[in-house]
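Okay, got some structures for you below.
Shared between the two complexes below is chain A, which pairs with chain B and chain C, respectively.
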Partner chain A sequence: MVVLVLKDLVDIVGEDFVSERPEELYLYSKDMTENFPETPDIVVMPETTEEVQKIVLFANKNKIPITPYVAGSNVGGLAIPYGKGILMDLKRMKKVIEINKKDMYIVIEPGFTFGHLRKLLDEELIEFQYSFPFAPPFSSVLVNAILQGLGNLSHKYGSMSESLNGIEVVLPNGKIARAGTCAISPYWYSRTPLPDLLGLFVGWQGTTGIATKGSICLWPKPPIITHCVVFATDPADVYNRFIFKLCRSGICQEIGGGLLNMFMSKGLLPMEELKNLIEMMGFVPRFEGLYFVNLLTLYGNTEEEVKAKYKFLVKMVNEINDQDGAQLVLLKPEDYGEMGQKMMTPMDLPIQIPGLLNRGGLTWVGSYVPLSKWLEGCIKGIEIHKKYDKIPGVLHRPMKSGHYGVLRFLIPFDKSNEKEIEEIRAMVKELAEMILDIGGVIYKMPPWVAPKIMERADPGFVSLLKKIKKTLDPNGILNPHHLGFD
Partner chain B sequence: MSEKLKLGSIEWAKEFANRCNTNEDFLEYAEGLNTSFNLNAPDAGISFHWRSNNGRAEDLDEGLNEDAEFTLEGTKDVWIRVIKGELNFMDAVQKKLIIVKGPLPKLMKYLPATTEMIKIIESMSDITDFNI
Partner chain C sequence: MIAGENIKTGLEKVKEWVSWCPKCNSCKYLYKDYAESCPAGEHFKFETYWSSGKVWLAYGLLNGILKWNENIIKIIYACPLCGACSMQCQQDVSDHLIEIFEALREEAVSRGFGPYSNQKAFYDSIIANNNPYKEPHSNRLNWLDQKELKTTAEVLYFVGCTSSYREKELAKSTFELLKKLNVDFTISPDEHCCGSPALRTGQVNVIPELIKKNMDIFKKSGAKTIVTSCAGCYRTLKIDYPKILGKELPFEILHISEFIFKLMKEGKLKIDKEKPIKITYHDPCHLGRHAGVFDEPREILKNIPELELIEMRRIRENSWCCGAGGGVKSGFKDWAVKIAIDRLKEAEQTGAEDLITSCPFCLRNFKDAAKSMGSNLKIFGIVELLKDLI
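Moving on to the complex of A and B:
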């Protein structure tokens, strides 16, 4: 079969962009996580929507699974080809189709990365910004939005999918469809006022269609930005006393960080210096070796506006420390010399994550939780880490002004140690169950967690998902065995 | 002010106090900061002290006050580098070039005031005669 497929795919994209060589297939068989590897039968790299369409038509006719892929940096095994068959690498589709400054959007292809976007914003779109994830520069902007990821502006603008105005997809039957205003108008400016068909594709992990274009919002870049850090020894001080007030104050465009340890923060934050500062003050962390680092960005149109916000923040922190006996430490990195410069590292996105990857493996259990449940989830998660003798790293980000929040456990591990990988598999399952128990939902759900979520889901919801999947993809060719109901 | 003031002289210290007492940002951050300070450069025989009344510098005088709650101490060269903006004050503290003695948790609460006070010290560069 592979020989036949090879010839057909070569006819579509040319021989340079199809491979069945084992050493190349191997590269697509796994990611940095603990998820089980699987090797595709063949890899193809289309360059145009028409080529994607032809490949999908061919695959659907022959009932060959397709796994869409760009960077494989999702930290959830989402692009591991569990159906084998064709792995469709969309890296070559990296064009910017349209830049519309007046209506504040760009239309891009799936291979357009955060590195490309950084360059575009810095060189041509300096009056705009976009929400950047804590991810390497080769990650796909469009995929991140479709997978409902998060970024540094998520406190203000919500999940990345909320920045999507519209998409063009190749459906499993080979037809091309658009959703959003681009289905009616030449302008890709909004997903309303129409039935929101993006919901058929956003959050579906490429199981209902392959996105070939998407429009993302550009956000106005405030002329004045000031970074601040609020450092704490106890996450309860942050979550019981500070974060809700801060979210509702509306003074920040970015809020994020978490309970971090020295090992994970290497190269990212000056944890040694911050630790020294805290020890100098005589403060003792509630969880040994863990410090809560909260990065904030104040923004405004004038220096006076930002200064007023800073004063408001100072007053808020002082009152919380005075009245509630909390130990919050407010720093402005620009005042702190070398240490301050190092504090800015995680704010310069996209970013490589050397400290996290220096043992070869990295996984996470990431979730969106009611913000009111974050602290409970954090503390229970720390207990689970203790049980497995792992040092926790717990990230937080209040989303959309605090309507919900990110609770994410980051877990580096030795990718060459099978025993440790087995432990990690058990631990992440326990963490996922805990999150579901407190009312959270796992985002970018890895294949192993999808059945757990479906078990708990409303039966009507699951039935509807199945009907949609069956209607759009009757042969089940798109990214099979990922969402837990196929 | 055209004439420069010798670093660490009482006139220099009074100008520093004046700048603190007229800096609205500093006074706002320092609201509630009721304490006393020594500033010391023992190798140059420079020292003065003052009382902080909600940030306002009062009872400024030469010499060390043995009862002062906080003492900021460094060599003359280190202070000169700080005033000239060549050395960040917090870097100097981290590197133990400047020693802060006293109940630090109390100062921690007033970090924004502390950093503003450092900016005021740095702003003294334009009127300071460093040839002492």
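Moving on to the complex of A and C:
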């Protein structure tokens, strides 16, 4: 069987880009998470849409599963080939097909990474910006959008999928389809006004089609940008009120924060200097309990506009501190030299995540929740961390001007420690149940959480999902066992 | 190997670190630059060829998940051990990547799977002739007209096998330069291979004997300083010898560029002669990334009147490897030249007329590449440039 497949795939892409050798397959059998490994039968690396199409046609005819892959850094086991079969590594498809400055989009292939994008923006498209995730540079821009990830502009623009104008996909039957205006027009500028068929592929975790091209929005880069940092101790509800006020004010293009504790424990922040600084500003430095940090970006067309926004921010912070006796400490990193630069490291994206992955393991439970529920989820999540004797690392971000929020628990672990991995498996399940209980939904859902989500889902929704999946992929060849009902 | 009986060998040495790589892929790009960093990964494309892939292979082999085979040998020997990945990786494993890659080779050899026949031939020749090039030991100083050398001196010039037998101009230039500078130096006609070609390819059995012989030679020379013009020898003497012996060497080990720059700093050398050329400089991996010598060659070049140094896009910690190291030149002859061609194209883009480097092995591969691609770049070592200016 494998010999036959090998020959067929070699005929399509050439012998240098197919392997059934165990060591090459092993590299695709797991990722940095606690998810169980599974080894594909064969790996293939196409370079063109036509090659992808031929592989899919062949696989569909022979009912061989295909798992699409670029970097495998989704932190959810989404590219682990639980159906075995063919692992399709798309990293060779990394071209920029079109740059359209006037209409503010680029058309890219799936292997085009955030590293490539950073370089393109810095060198050729300096008037634009894009939403970068807290992720390593060798991660796919298109895959991140299709998986509904988030980025540093998500406060303003929402999840990354909202930056998608259109895609070209190879369907499980081998046909090529386009969704968005690119289906009608030579321009890939919008998803409207048409039935939004991107919904057949976005959020489906690579189970309904293989994207070979996609158009992403370039967002105008404001001429003036200033970064601010807000530190806040208990009571957390005061900090929460600040976040809500901030969202409604509309003065920030980025709001992204988290619980400091884990980052402090990993030595990722200059704690001694911070303590001194906060003391110098007349506050009592406290790094126990809930200690939040939030990185904000003020923006405008002129210095005056940004200064006015900053003045407004200072007023807002002072009012909250005066009324509630709270401790919100507002800093402008640019005023604090090297320490300020270090504080800004998480905003220098994409990021290589220094120190966080030192023992090889990282997982998360990432969710989109009603913004009104994020703090409750955060506090409950911290309790779960305590139960498992883990230091909490929480990231949160109000998305799309505060219409919803991200609540993500980030858990590094020692990959050589089987006992710890077992504990992590139990802990992430508890965290996921808690999030679902408060009304949140897990994004980039790992295989172990997908059935839990489907159990709670409206039966009509699940039935519709199943019908769509069956219609698009009657043989169930695309990324099996990643939807919770297949 | 020398220090005690309980020293772990092969993959056992690196067992603690092989689970530390998360495979975040950060090693694939230059840090905050996002240009490609890994010659093997970029060429062969399979995940196994990148740094993270080899670390995971080591894990798989150690834990019995994978079995040794010919393809694994190809993967582990296709790496030029340039160390670019270790400069990009931000995790603790970055400090151990080269050790893991070399341990894989050591393990392969101990199990009878590696190295490639050309690399084995190097090893056999080191045992038979004290050099990897199958040249008679007695011909080691054939490049030198002046046969009468001092028995003892302050400085011992360790020529190295490549300069002694293949890139003789480099040896001659270094000799002439040291003479012109009135350095109290000598060369040992009994110099043995430093062991680098064996060490890099996992053939470690010969190393204790080579260290012993060379250490005896160093001691006999009475030298306080050992100077070498070869980046590979420099890395081996400076880093590997003390590590293997478990103690610091009682000599100062300097690359010729460090030695010259030291003289400049002490006011003992000033270059007045003008050299109105545009040059670019290639950092040899063993000198730069492995040993941290980036500034000295550049400072020397900047001290040459009228010489214009134009840097390439990827330099210092982020240099693109010449492709010759880690046994790649002997194991993958054509591909080694292809890597060098990539680098020469980068050098040509600067508009420089000459490419200068500080390693005979880089020189050799660049010359082969220039011939293959028809480049007009003139390629030579930093000492060849200097000897005519003093």
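As a working rule, the second predicted complex is superposed on the first by the 456 of 486 C-alpha atoms of A that agree within 3 Å, B and C clash if a C-alpha of one lies under 4 Å from a C-alpha of the other, contacts with A are read in each partner's own complex, and residues count from 1 in each chain.
Going forward, a contact is a pair of C-beta atoms (placed from the backbone, for glycine too) under 8 Å apart; a residue touches a chain by one contact, two chains touch by 3 or more.
Given the structure is predicted, the values throughout are model-derived calculations rather than measurements.
A.B. asks: For the overlaid complexes, name the partner, chain B or chain C, with more touching residues on chain A.
C.D. replies: C
A.B. asks: Using the superposition on chain A described above, determine whether A:31 touches chain B (first), chain C (second), both, or neither.
C.D. replies: In the superposed model, A:31 contacts chain C only, not chain B.
A.B. asks: I'd like to know which partner A:126 touches here: chain B for first, chain C for second, both or neither.
C.D. replies: neither
A.B. asks: If you stack the two complexes on chain A, which partner ends up touching A:357: first (chain B), second (chain C), both, or neither?
C.D. replies: Touch status of A:357: second partner only.
A.B. asks: Touching A:336, do we find chain B (first), chain C (second), both, or neither?
C.D. replies: first
A.B. asks: Considering only touches as defined above, state whether A:464 meets chain B (first), chain C (second), both or neither.
C.D. replies: A:464 contacts neither chain B nor chain C.
A.B. asks: Return first, second, both or neither, reflecting whether A:71 touches chain B, chain C, both chains, or no partner chain.
C.D. replies: The answer is second: A:71 touches chain C but not chain B.
A.B. asks: Can you list the residues of chain A that meet both chain B and chain C?
C.D. replies: Shared contact residues on chain A (touching chain B in one complex, chain C in the other): none at all.
A.B. asks: Please name which positions on chain B make contact with chain A in the complex.
C.D. replies: It comes out as residues 25, 28-29, 32, 87-91, 94, 104-105, 108-109, 111-112, 115, 118-119.
A.B. asks: Can you list the chain A residues touching chain B in their complex?
C.D. replies: For chain A paired with chain B, touching residues are 273, 276-277, 280-283, 307, 310-311, 314, 318, 321-322, 329-332, 335-340.
A.B. asks: What does chain A use to touch chain C in their complex?
C.D. replies: 16-17, 19, 21-24, 26-28, 31-32, 43, 45, 71-73, 89, 91-92, 113, 115-116, 118-119, 136-139, 348, 352-355, 357-362, 414-416
A.B. asks: State the interface residues of chain C toward chain A in the complex, per the touch definition above.
C.D. replies: 19-26, 28-29, 31-35, 44-48, 53, 56-57, 60, 65-67, 69, 71-72, 75, 88-93
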